[in-house]
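Multiple structures follow.
Paired with subunit B in one complex and with subunit C in the other, subunit A is shared by the two complexes that follow.
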Partner chain A sequence: MATPAARLPVRAALDRREAGVALRRVLGHDYRLGFLFVAPIILLVLALVAYPFGYAIYLSLTRKYVGVPPVWVGFDNYVKLTWDGFFQRAVVNSFIFTFGSVSVKLLLGMAMALVLTSQIRFRSFWTGVLLIPWVAPTVVSALNFLWIYDYSLGVLNYLLVRVFGLLPQGVGWLSEPGTAMASVIAVNIWRGFPFFGISFLAAMKAIPAELYEAAAVDGAGPVQRFWRVTLPGVKNITIIVVLLSTIWTFNDFQIVYILTKGGPGGATQVLPVLTYEIAFGAQRLGEAIAVALYMLPPLAVVIIVLARYMRRGQKA
Partner chain B sequence: MNHGLGARLGHAASYGFLLVLLVVVLFPFYWMTVTALKSEEQMRSLASMFWPDPVVLDNFRHLLAQTDFVAWFKNSVLVAVASTFLATAIGTIGAYSLARLRFLGRAFMSSAVLITYLVPPSILFIPLYAQIRNLGLADSLAGLIAAYPSFTVPFVTWLLMGYFESIPEELEEAAMIDGATRFGAFARVVLPLAAPGVLAAGLYAFTQAWNEFLYALVFITNVKLRTLPVGLSSFITGDVYGWGFLMAGAVLTTLPVIAAYIYLQKYMVEGLTAGSVKG
Partner chain C sequence: MDQRLHDLTEQLDAGLIARREFLRKAAVVTGGTAAGLGALRTLASAQPKTKLRVWLFKSFVTAGNEVLAKHIEAWAKERKVDVETDWATFGDREQKFVAAIEAGNPPDIAEMNIYGPMRYKAALRDVSKVATQLASAKGGHLPFAERAMKAEGKFLGVPRYSMTTVFFIRKDIMEAKGLKPPKVYDPDVVEFARKTTDPAKDLWGFGQTLNRSDDGDGFMSNILWDYGGGVWDKDGKPALGTAFLKQNTAALQFAVDTIKKHKIQPPGVMGWTDVSNNEAYMAGKLVTTNNGASLYYAMVQKKHELAPKTLCVLTPGGPAGSFVGSSCYNWAIFGKSKQAELSEDLIRWVEDESRFNEYVQASVGQAGPVYKARVDNPYWKSDPNFDAILQNILRSVNLGYPGPMTPAAAEVQGQKILTDMAGRVVVGGLSPEAALKEAHGRIEEIYKMRRA
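Now for the complex of A and B:
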C-alpha cells in the first residue's frame, strides 16, 4: 500500500510526462534532438549570413568610408549609381558575361551528357576526366589561362600563328577591348560546363528505358526521341542548373579579377569586381555595397524560384 | 547496311567530340606542368614549346626557398581542414535533423539553409568582413575558419539532407523498437549508411575552402598569412621568370585536390548528383 509520501513523486513524474506530451504536440515529436542538432546551423546563419546581410542593406543607405561612422543618406547611393556611366557599363557587361557563359555551358553540357549516355566505352573514365575543371582551384585555372593568353609568350598565339598559321600575328586576347570579354567568358565556360554535363547525365540516366522503347515502337526516330523523351525528362534539372549557374556566373569574381581586373578600359568590368574596387580601392563602403545590392530584387526572385524547384526535386 | 554505317559514323563522332573536350579540358593542366619544368632560357626562346628540354626543377626550388609558398601552403591546409571538420560536423547533424526529425520550424529552416546556400559571396563579403573585424578576427586565419562555414555548412547540409532522405526510415524504426534511442539509431544505424555521402560532402567542403579566393583576399593583409590562391595570384608580374615559379606553385596547389578527386572520384560524382541537384 502506497503512502502519500511515496505517491507524490509518481504524480509529479506523471505531470511532467503530460507536460512533455503537450510540449511535443506543439514543438513536434522529436523537438529536443531536432533543436539541438539544428542549433549550430541557426547560430551560423544568423551570425554569418542574416546579420551581415541586414547590415549590408543598412550600410548601402549610408555614406560610409573606412574608419569613419556611417552617415544616413537614404537611397542616394542607388540613385547616384543609376546615372553613373561606369556602373551602367558594369551592369551591361555582367549580363553579357552571364548570358554568354550560361548559354554555351548549357549547350556543351547537353552535348556532353548525350554523348556519355550513348553506347560509349570507358564512360566513367570520360566522366571523371571531364569533371576536373570543376574541382580544380578556379584561381589556378584563371592563372593558367592568363599565361595561355599571354601576348608575346602565350601558347595560344604560338599555336595560332606559328603552328597552324591561322593568324599573321598574335592577338592581345585580354588587352584588346574586342577580344577581352570573349576571352574571360571562354574561361568561365571551360570551368563550368562539366557541372551542366554531369547534372544532365544523372537526369538522363534516370529516364526509364521503357519510355525510349515505347517511343521507338511508335516509330519515333532519334531526333524525335530527343525532343519527346529526353528533353521532358531533363526539364526540371535544366531549370535548376541554368538558374544556379546564372547566380554563380553573375557573381563570379575571381576569373575576371585575375584575368583583366575589369579592363581594358572597363571592357570586362562586372559588378562583383566593381564592388571590390569601390570598397577596397576607393574605400567607399556604402556605395560599394549599393553596387552589390542593386541587383538584389531580380536575384531574390531567381533564388526563390530556384529554391522551390530544388526543394521539389529533393522531395521527389 | 546503310543503318550500320550511320550508327558507326555517329559513334565515331561521339568519340571525336569527347576527344576534343578531353584535350580542351586537360591542356591547361598540361601546359601548367610543362611551364613549371622549363628553364628560363627555354621559355624566353620559345624553343621546344610543348616539352621541357631540359627538365629542370629550378622553378620549384625557387618557389620553396625564395617565396612564402610553404607558409601559404600550411595556412591553406589549416584553414581548409579546420573549416571542413566544422562544416561536416555541423552539416551532418543539421541535415539529419532537417531530413528526419519532426519539430516546429523544420520546413522554414530547410528553406533558410537552401536560400543561404544560394546567396552569393559577392553580396556578403563586405559586411562579413566588418563582422569578422568586430569579432577581433580580422587578418587572422581564425577569421577565415570562422567565415568559410557561411558557404560550406549550407552546401554540406543541403547535400546530406537529400542523402538522409534516401535512407529508408524503417531501419531506424527497427533499431528503436529494439531499444535504441533516437540518437543511438542515428549514430549506429544511419550514420554508417550515410558515410559515403558524408565523405563526399566533406570533400566538397574541403575543395571549396581550399579554392576560396574572395574572402581570403579581403580579410587577410599580412603577406605571411595568405592562403594559396591569394598568394599565387600575387606572383603575377608579367615577367617571364615569374611565370615559371607561378606555374610550379599552381601545380602544387592543384595536386592535393586532384589527387583526392582521382582517388575518391566515385563518391564525389555520385555525391554531387545525389544530393545537390536531384531532379
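Now for the complex of A and C:
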C-alpha cells in the first residue's frame, strides 16, 4: 500500500495529464506544434510592431530632445497640442487635404473603371497609361509638379497664359493659401486615382454579365444599370479602397513637403509635415510622436466602423 | 630554439628516444610551428584596417566636394585607414544626424553647419585642443566662428569655412537704367527694383521669398537686425514681441510691403523654396536677389551668359545698420567615437593650408575664411565679386544676436518661425503686430522648454 507521501507525485502527474487533455480538447491535439509554427510570426510582430509602437507611445509621454534621455511628462504633450493654434490648423488642413483628395479620387476612379469596361479601342494601352501616375515614384511626381506649378518657369502658367490665352497673367499656384491647398490636393488626386480605377475595374469584371442582361431585359437603361447593378456590385471594394486611401492620404508626407513644406504661412501644413518639422526642425521627438499619435484614435474608430460594415456586407 | 626541440635533444642525448623517433617528433614540432606561424601571419593580415566613418556636407559646389573627397582619400591611404564616407545635403543632413544619434550609431566625425554643435552638443566631444592648436597656427579664429563653436567654454566644432550670402545684381540692367548698387533696403532696393521691374516681360526687380526656407529665414533675421530689432535681447531672452516690438514691426512691415505694396517681387514668390531664386535669377527673371556664392559658382562653372553680367555687393541694410547672419561650417567629433585622435588627425590634414587653399580655389567664393590668416589669402582679390563675400563674412553676426547663440535660438531657426510669421501676414491676413505676438508666443514656449 502506498504511503500518502508517495501518492502526492502521482496525484500531481495525474493533474498535469488532465490539464494536458483539457488543453488538447480546446486547442487541438497538436497544439504544441501549432505554437511552434506561430512562434516566429508572434516574435516578429512583437519585435517589429508591438515594441516600436509601445515605445512610441512611451516617448510621446516624455520630453525628449535628440541625444538627451527622455523626461516623463505624462500627457503634457497632448494637452499642449490641443490648445496649439498651429496644430489645430494642421488638423483642419489634414482633413481638407484627405477628404478633398479621396472624394475626387473616388469619382475619377469610378469614371476610369467605367471607361475601361466599355468597348474602347486599345483598352490595354489606356489601362497602362492611366496606371503611370500610380507606379511613378511620389518624389519624382512631386518634383515634376513643383516645376509645373512654378510661376515664371512652370509649364502650367505657360499653357494658360501664352498658349491658350485663358489668363492675362500667371497664377502663383503654390504662393496663395487657396491655390496652394488645391495644388497639393490635385497632385495627390493625380497620383492616387488609378488605384481606385484599377480596383473598381477588377470589381466590375467580377459582376456576372447575366445581371446586366436581366436588367436590360427588364428595361433598365445605362444609368439604372449603373445604380442597380454596378454600384451594388462594387460596394465592398469601394469601402475597402476608400478606407485604405483615407489612411494613406491622411499620412501622406512627400507631396506636401516637396511642394510647399506646409507653406505659405502654414496654409498647407498637415500633420505628417508638422510631425517632421517638430522632430527634425525642433528636435523634440516626444512632442513629434504625440502629433503623429494624436489622430490615431479617431482614425482607428473610422477603421473599426468601416471594417465592421464591410464584414456585415460580406455575411449578407 | 624551441623548448620542445631542446627537450627532444636532451632525451636523444640521454638515450631515452631513438634517432628515428627524434627526427619524427622534431619534424612534427617544426612543421607545426611553421604552419602555426603561417596561419597567424594570415590572420594578422586579415585583420581589418582601422575604420573611420566620416559624414560630409554635399554642397552645391561640386568641385569643392570632389577636392575634399580627394584629400580624405589621400589621408586614408597615408594613414592606412579604412574610411567610410557618406554625404548629406541641405535637405537630409539633420534627419541623418538625428537618426544616427538616437540609434546610438553616429559617425566618428562629421562636417556640420553652424547650428550643428549647438543642436547636437549632448552627443559631441570636446575638440578644444585641436581647435585652439589650429587657430593659433592660423592667426586665431574670426570672432563669430569662435563664439558659434563654443558652448560652456568648450569647442564642440573645429571651424572650417564660412558660406555667406551676398546681394546679386544684374549689372547690365543696372547700368542700362543708370542705377547704382543699393546700400539700404528702404528706399534704395525698393527704388532700384521699381525702376527695373517689368511685369510684361516677367522681369522682377527683387526676388526674396518669405516662405519656409533657409533663404527666407535668413532674410527675416537680417531685416529684423537691420531695423534695430531681433528675436533675442542681449541676455538671450525672447524680445521679438516685447523689447524690440516697435523695430520688428517696422521690419516685418517692410518685408511684407516688398510683396504686397511695392509689388517688386514675382507673384509666386511666397511659394518658393531655397532653389527657386537661383533658378529664377539664372533664367533672367530677377534683377536682384540674396543668395550664397553657390549661385555665382553655378554660373561660372556653366559659363552661363549671366556670369559676367552679375555684380555681387554687400547685403543692403536698414536704419540700424547692415547685418548678415553668420555661417561656419565645421568638423565635429561624436562622443561615441573610439577614433577621436584619428579624427583629429584627419582635421589637421584637411585644414592644412595648401590643401585648404586647393579647396578654396575650387569653391568659387563659397569657402570663406573663419581664421584671421585666411582673410589675407590673395584669392579674395582675384575676382571683384569676392570682396563682397569677404566683407559680409567679416561683419556677420551669430544667430541669437545681440545675445549669445543658444539651443533655443537654433530651434527657432529650425522651426522657421520667422518665415511662418511673415507668411501669416502676407497670405494669412494677420496684422504685423498680431503675427509678431503669435510668433513671440511660440518663441517664449521654446525658451521655457529649453531652460527646463
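Everything below uses one rule, namely that the second predicted complex is superposed on the first by the 257 of 316 C-alpha atoms of A that agree within 3 Å, B and C clash if a C-alpha of one lies under 4 Å from a C-alpha of the other, contacts with A are read in each partner's own complex, and residues count from 1 in each chain.
By our rule, a residue touches a chain if its C-beta (ideal position, glycine included) is under 8 Å from a C-beta of that chain, and two chains touch if they have at least 3 such contacts.
Model, not experiment: these values are computed from the prediction.
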Subunit B versus subunit C as contact partner of A:227, first or second or both or neither: neither
Touched partner set for A:127, first subunit B, second subunit C, both or neither: first
Which superposed partner A:112 touches (first subunit B, second subunit C, both, neither): first
First (subunit B), second (subunit C), both or neither touched by A:260: second
In the superposition, subunit B vs subunit C on subunit A residues touched: B
First (subunit B), second (subunit C), both or neither touched by A:153: both
First, second, both or neither for A:190, with subunit B first and subunit C second: first
Touching partner for A:66 - first (subunit B), second (subunit C), both, neither: second
First (subunit B), second (subunit C), both or neither touched by A:75: neither
Doubly contacted residues of subunit A, that is, touched by subunit B and again by subunit C: 146, 150, 153, 279-280, 285
Subunit A-touching residues of subunit C, taken from the complex the two chains share: 94-95, 97-98, 101-102, 119-123, 199, 202, 211-213, 266-273, 276, 279-280, 283, 285, 411, 414-416, 419-420, 422-428, 438, 442, 446, 449, 452
Contacting residues of subunit B [partner subunit A, same complex]: 10-11, 14-15, 17-18, 21-22, 24-26, 28-29, 31-32, 35, 43-44, 46, 49, 90-91, 93-94, 96-98, 100-104, 106, 109-116, 118-128, 130-131, 146-147, 149-150, 153-154, 157-158, 161-162, 165, 182-183, 186, 207, 210-211, 213-214, 218, 228-230, 232-233, 236, 240, 243, 246-247, 250, 253-254, 257-258, 261-262, 265-266, 268-269, 272-273, 275, 277-279
Touching residues on subunit A, where the partner in the complex is subunit B: 26-31, 33-38, 40-42, 44-45, 47-49, 51-53, 55-56, 59, 108, 111-112, 115-116, 118-120, 124, 126-133, 135-141, 143-148, 150, 153, 155, 158, 190, 194-195, 198-199, 201-203, 206, 234, 236-237, 240-241, 244, 247-248, 250-251, 253-254, 257-258, 271-272, 275-276, 279-280, 285, 288-289, 292-293, 296, 299, 303-304, 306-307, 310-311, 313-316
Sites on subunit A touched by subunit C in the complex: 63, 65-68, 85-86, 146, 149-153, 169-177, 180, 260-267, 277-285
